[in-house]
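Paired with subunit B in one complex and with subunit C in the other, subunit A is shared by the two complexes that follow.
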Partner chain A sequence: MNKKSLSKQIYDARWCYVFVLPCLILTGMFVIYPIGMSWYFSLLDWSGFTKEAKFIGLQNYYEAVNDQFFWDAFIRSFIFMFGTVPVKIVLGFIIAVFLNNQVLKLAPFFRTVIFMPVVTAIAIIGIVMTFVFSPFNGPANKFLMSTNLTSAPIDFLGNPDTVLPTVMGVYVWKWLGITMMYWLAALQTVPQDVYDAAKIDGAEGYRLWIHIILPIVLPFAIVIILVEAVGALNVFPLIETMTAGGPFFSSEVMEIYIFRTAFVTDSGTMPRLGYACAAGVFWGVAVLFITVLQGLWMRRTRRI
Partner chain B sequence: MSRYLNFIAEKNQVKYLIITIAFIIFSFFWIYPLLWVLSASFKTDFEIWGGLGLIPDRLVWENFERAWFGANMGRYFFNTLIITVVSVIIVVVTTGMFGYVIGRYSFPGKKILIGILIGTIFIPQGYTIIPVFDLLNNLNISKNLIGLTLATAGHTPVIYILLFAGYFSRVPVELEEAAKMDGAGFVRTFISIMLPLTKPVVATVSILQVLHAWNDFLLPVVITLGNPDIRTLSVGVYAFKGEYFVDWSGMAAASVITILPIIILFLFMQKYFVEGVQGAVKG
Partner chain C sequence: MKKKKDLKISRRTVMKGALAAGAMMSAGSIPSKLFAGEFNIPDPLKPLPTTGGNMRWIDSGDMKGVFWKKLFPEYAASRGITIEYDGLPWKEINKIVPIAIRNGTVHDVFQLPLGMDPGVAVSEGWVQPWDDYIENLDEWLANFPAGVYLPGVNQFNGKTYGLCLTANKRTGTCLLYSEKYMSEAGYDPQAGRMTYSEIRDAAKKITKRGNGQYYGWIIGGNQVNRWEDVVHTFGQVAGAHGGRGGFTNRHINFQNGKFQIASDQYMEAVELLLQLKSDGSAFPGVMSMNAPQARALMPQGAAGMIFQGPWCIGVWGRDAPEWKYGIASEPVPDGKKAQPLYIAEGGSNTLWLSANSTMGPFAGDLIRFMGTEQGQIYWAQTVGAADPAVNPEAVAKAGLTGPSAQALAMFAENLLVGPNPIVRNKDVGVVAAKSRVPDPSLALVIQGLYTGQLKGVEAQLKDCNQRYEDALDQAVEDARADGANVTRDDWVFPNWDINSNYGASKYSEL
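Now for the complex of A and B:
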């Protein structure tokens, strides 16, 4: 077959273009255009609520990198990521290994229960958890005191030292079901004869896991880590509803910082959309950088 | 076919029993916060803080009345319902069409399109929220449900397109050729031959979008900042907490109104939830 000219190819595929159009328009409006605009906004001195906007170049960026709160939030986001992702990966794997047993009759039931928090609205989880961890007769403190694990109630969310670990714990609880499902999918790809052969060879216990099964599920592990890492940087709803970044900014991650500088006026400060965009762009580039780095690492590992 | 490593041997009854009991205890603690809020929604304020027990003395239905009418949760419920249903329709139609041509045809510019989509995977919602807010303001649709619905449908996860594309690419070519022989055009082939075949993907994508639209928080909280009338349930409960801080039982009832529909949907359509979630790593 001889090659058709480009215009003929395009004409033949005219319906293809019609079909991609609706989705492309929506993505253009709500993803691509906003990305471009946030770069532009970040160069403005603009409150967002008036028409007055002044072009000030990179001044917003300059201010952001000199703001201690910005860096605290920046680092806290990564503390959150490094504190939750490994726990989810390991715990999710252990649970998946148990629930992948055909013999365990109640496995489907346990799977449903563990997945339940995943489908629950995140904002509601945040609000309910402020009750659960309340120092005034909250169920968590009641349980700890009735079992004599503590003698006085712990102010989980009111103490700057305990607030971040508590929120991280709730985050793991909320999303562990997804990690478990990822691992279950990964374990399902291990061929049955690998298990059988391993059994005949007498490989058992941890040796079976380390030498035979782990290498097979490793490519999955890398994808799971990537997805989980990006997820752990998007925690706005949970933290906003649980602590709103407090007390004394001690649980303020990047997204809360951006939201606070953009909209919230409780503290008496003016909303500054331009500045918030600069912080957002800086943050977005940092996340993208990490994603690309992980992606490269993923490709290299997969090739081996 | 499912594959299992049954390292808990059937004959080892003791080990089996220990693992089962351990999981039952674990499950109870795991689910306790959700059971606690469900039980609190039927209790009086006094009783909520009284003890750890889950069975209310008597069912206080007034909590739901206060939440539904007093705190306006009824209105927010229908707002959320409309946003969810309409955004599901938009998302299924647009990503279905996109996935169809990506999965079955090659045409100039296809690679660029896929590249653009992949590039948007890891864009956090927080990164685009301010311009989206500004865009809706400029289009004059920020004060009604249209803007919120469109924006909810607009942040389409690429995974939907990939699910559709993967499924469509596996449909045998003969079906299409037979349709062509009958004189069916591009659009008719898609609607009458292809679309009915993809019911499982439509179900999976719909479920995922329901989950996303119903539970979304950042977008609605920003868009409804100045318009309490178009709040969604999640935003409504959050505002409830600010306005009626002492009405614990009312807030518990409002929370239950928000989470129960999705939990029920999940219990009945678990298969599609699982497929959707696992699609992210299988692809």
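Now for the complex of A and C:
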């Protein structure tokens, strides 16, 4: 049998390429080009809005890795990720297990309630939460005071010790619904006859979940963890609206750091788009590294 | 059945009437049209394009926005154009304008981001001169007080690029207080400038009476520049004589050209803020609110005192007309006499015309009108002390009363024109463009001290001062490398008499 030439193969699949083309163009414009430009800008000493842009090689990278505020923000981003992802994964799974039970009549209602924050604008949530956690007449403090859990109001967002956990809590609440949906989708791939067979074999309760269901949904778990981890590293709008990284950098994660250095802030710091790009590229590579690790983990799990 | 016609008089109508009546008593030249809330917009001095168009305008809003929103529809209708106005906080302007300049979509008329050297805007070609769009420009400029239009500030290469309708003779850290709470605490700030001890004591007493329902003092601590503004101005009042404005002016003692962030006066001001906190007098949650949020809580009775600017007057007058408050000068350390505050020459809220704009004839026509005495009276009557009109005669004729008039009188008494290095040497502008405010800035250092994340006021301020010194040295070095003829001596003004205005004759002595 004659093997078709490459040009013939392309010609035969021409309609596929035609349909893929718009997507390729858009990806090129809005993903590839910005990534490429940010790599280039990261090599410049440039404020971002003047003509004068001086090529300085890797100096921005050198400065970034020697900046304590950069590393503080870098570490804080991972604290945020490790503090929220496990909670979301476990909570989302537990809720999904309950709501996956066909016997539960109110399951659609609870699903809607839990999913509602997901479809609410994040900036609105951020602003509303500043009122919710206000130490002056904020509902959170009113509740704590009225139940005698605290004797004085807590400045959740103004205290460096409480600000990050508070924002993390809001983040978990805001996005828990989507994690739940991922788990529900995963659980619904488990065929009913598997449940039935397991029950016939005497597997019930936690044994059913640990030994039968969990191994089936484990590959999904890896994907969910990957998606959640990357999501937890992209929390700019929530933190910007709730704390803007304050007080005194206490909630400054990498995206806020990049934003602060890329634009003039109200602390009077001059913008440095070149430097911000270097920090962004460094951060992007770090996130990519995590993604690759998780991808490898997923492949390994699938083989098992 | 005949329907009964209701006679409805809105509060706004009554206020307009009262405003107009007051204005007419004090200024016989104000047209009768004002009573109906309209402006007497004169015909253009020369024919304007008949093609119409949409003029986009962006500035820092507040009371300016209130005025523009009244004037723009009427002006637009009279000239057959439309006007799109965006009044945004500085934080937004700082983000939006540079991006818009970069992608060629900046508004026709705009304000430059804070801290940006106007010389950069001109040399980069972002703006165009107003000269072609304002008829008889020289004659028009002559109506403004001396020192508003200066080479290197808003005039470059013999042309006028920046137009100022407002004066910079104001401070943003006045003592604004609830009359009720302050009186209950046994203090009357109108009787004389309060001392730091009195502020603390008053705050304690108000907090005690509040019993958890209200507190002595509030600040928008999430908006970090508020910390710096308070310490900077209080430090000056206490005797740390220096400049105001951007990095190359602010906190610098022009007697020796050095930063004075670690001065005793600055330290005392920081200590006052920390003491208000440790006394329990600070409103809980100040770290999670910005300045407008803190300001909005005052009429709600949440706190007794706030250090803010005269822009509160207009906002409170509109949102809480029944609430009784007072305005007074910044406090002074115990046993010390208040020293003058210094402003740089020039106006404020400088308006720039985009290089790409085709609406220059309309923008010029409008601004020319606003620069006339009549336009300035209109401005003063709406904006009051929030952004004082630049023409003092127009302000006098505007018939302002109450806190606005008091604030203006206070500023006239407390403020002097200080030296401005860029007026002395335009190459200082190159230094400004090269400057990078060190990280963490003074504003953040004070915030960190307040939250307890940084320890030791003296050590922190000394470190911060050194960082600022190093940053300015570096900027001067970078500017010189680019050919600028500038040294740190340009910041030293040996002939500066701290008790008088620093004018053109003083510069010529150098």
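Following the convention adopted for this analysis, the second predicted complex is superposed on the first by the 284 of 304 C-alpha atoms of A that agree within 3 Å, B and C clash if a C-alpha of one lies under 4 Å from a C-alpha of the other, contacts with A are read in each partner's own complex, and residues count from 1 in each chain.
As a convention for this text, a residue touches a chain if its C-beta (ideal position, glycine included) is under 8 Å from a C-beta of that chain, and two chains touch if they have at least 3 such contacts.
Remember, it's a predicted structure, so these values are computed and weren't measured experimentally.
When both complexes are overlaid on chain A, the residue A:Gly48 reaches subunit B and subunit C alike.
By the touch criterion defined above, A:Ala232 reaches neither subunit B nor subunit C. Of the two partner chains, subunit B and subunit C are each touched by A:Phe136. In the superposition on chain A, A:Phe263 makes contact with both subunit B and subunit C.
In the superposed model, A:Phe69 makes contact with subunit C only, not with subunit B. Of the two partner chains placed by the overlay, only subunit B lies in contact with A:Met181; subunit C stays clear of it. More residues of subunit A are touched by B (comparison of subunit B with subunit C). In the superposition on chain A, contact of A:Phe19 is made with subunit B only, not with subunit C. Once chain A of one complex is fitted onto chain A of the other, the partner contacts of A:Phe248 are limited to subunit C, with no touch recorded for subunit B. In the superposition on chain A, the residues of subunit A touched by subunit B in one structure and by subunit C in the other are 48, 130, 136, 263. Interface residues of subunit C, counted against subunit A in their complex, comprise 90-91, 94-95, 98-99, 101-102, 113-116, 120, 124, 221-225, 228, 246-247, 283-289, 297, 302, 433, 435-437, 439-441, 443-444, 447-448, 450-454.
Only residues 2-10, 16, 19-20, 23-24, 26-27, 30-34, 36-37, 40, 49, 51-52, 90, 93-95, 97-98, 100-102, 105, 107-108, 110, 113, 116-117, 120, 122-135, 150-151, 153-156, 161, 186-187, 190, 211, 214-215, 217-218, 221-222, 225, 233-235, 237-238, 241, 248, 251-252, 255, 258-259, 262-263, 265-267, 270, 273-274, 277-278, 280-282 of subunit B touch subunit A when the two sit together in their complex. Taken in their complex, subunit A has these residues touching subunit B: 6, 9-10, 12-13, 15-17, 19-20, 22-24, 26-27, 29-38, 41, 48, 97-98, 100-106, 109-110, 112-125, 127-132, 136-137, 139, 142-143, 146, 173, 178, 181-182, 184-188, 190-192, 195, 213, 220, 223-224, 227, 230, 233-234, 236-237, 240-241, 254-255, 258-259, 262-263, 273, 276-277, 280-281, 283-284, 287-288, 291. Those residues of subunit A lying in contact with subunit C across their complex are 48-51, 67, 69, 130, 133-136, 138, 153, 155-160, 243-244, 246-250, 263-272.
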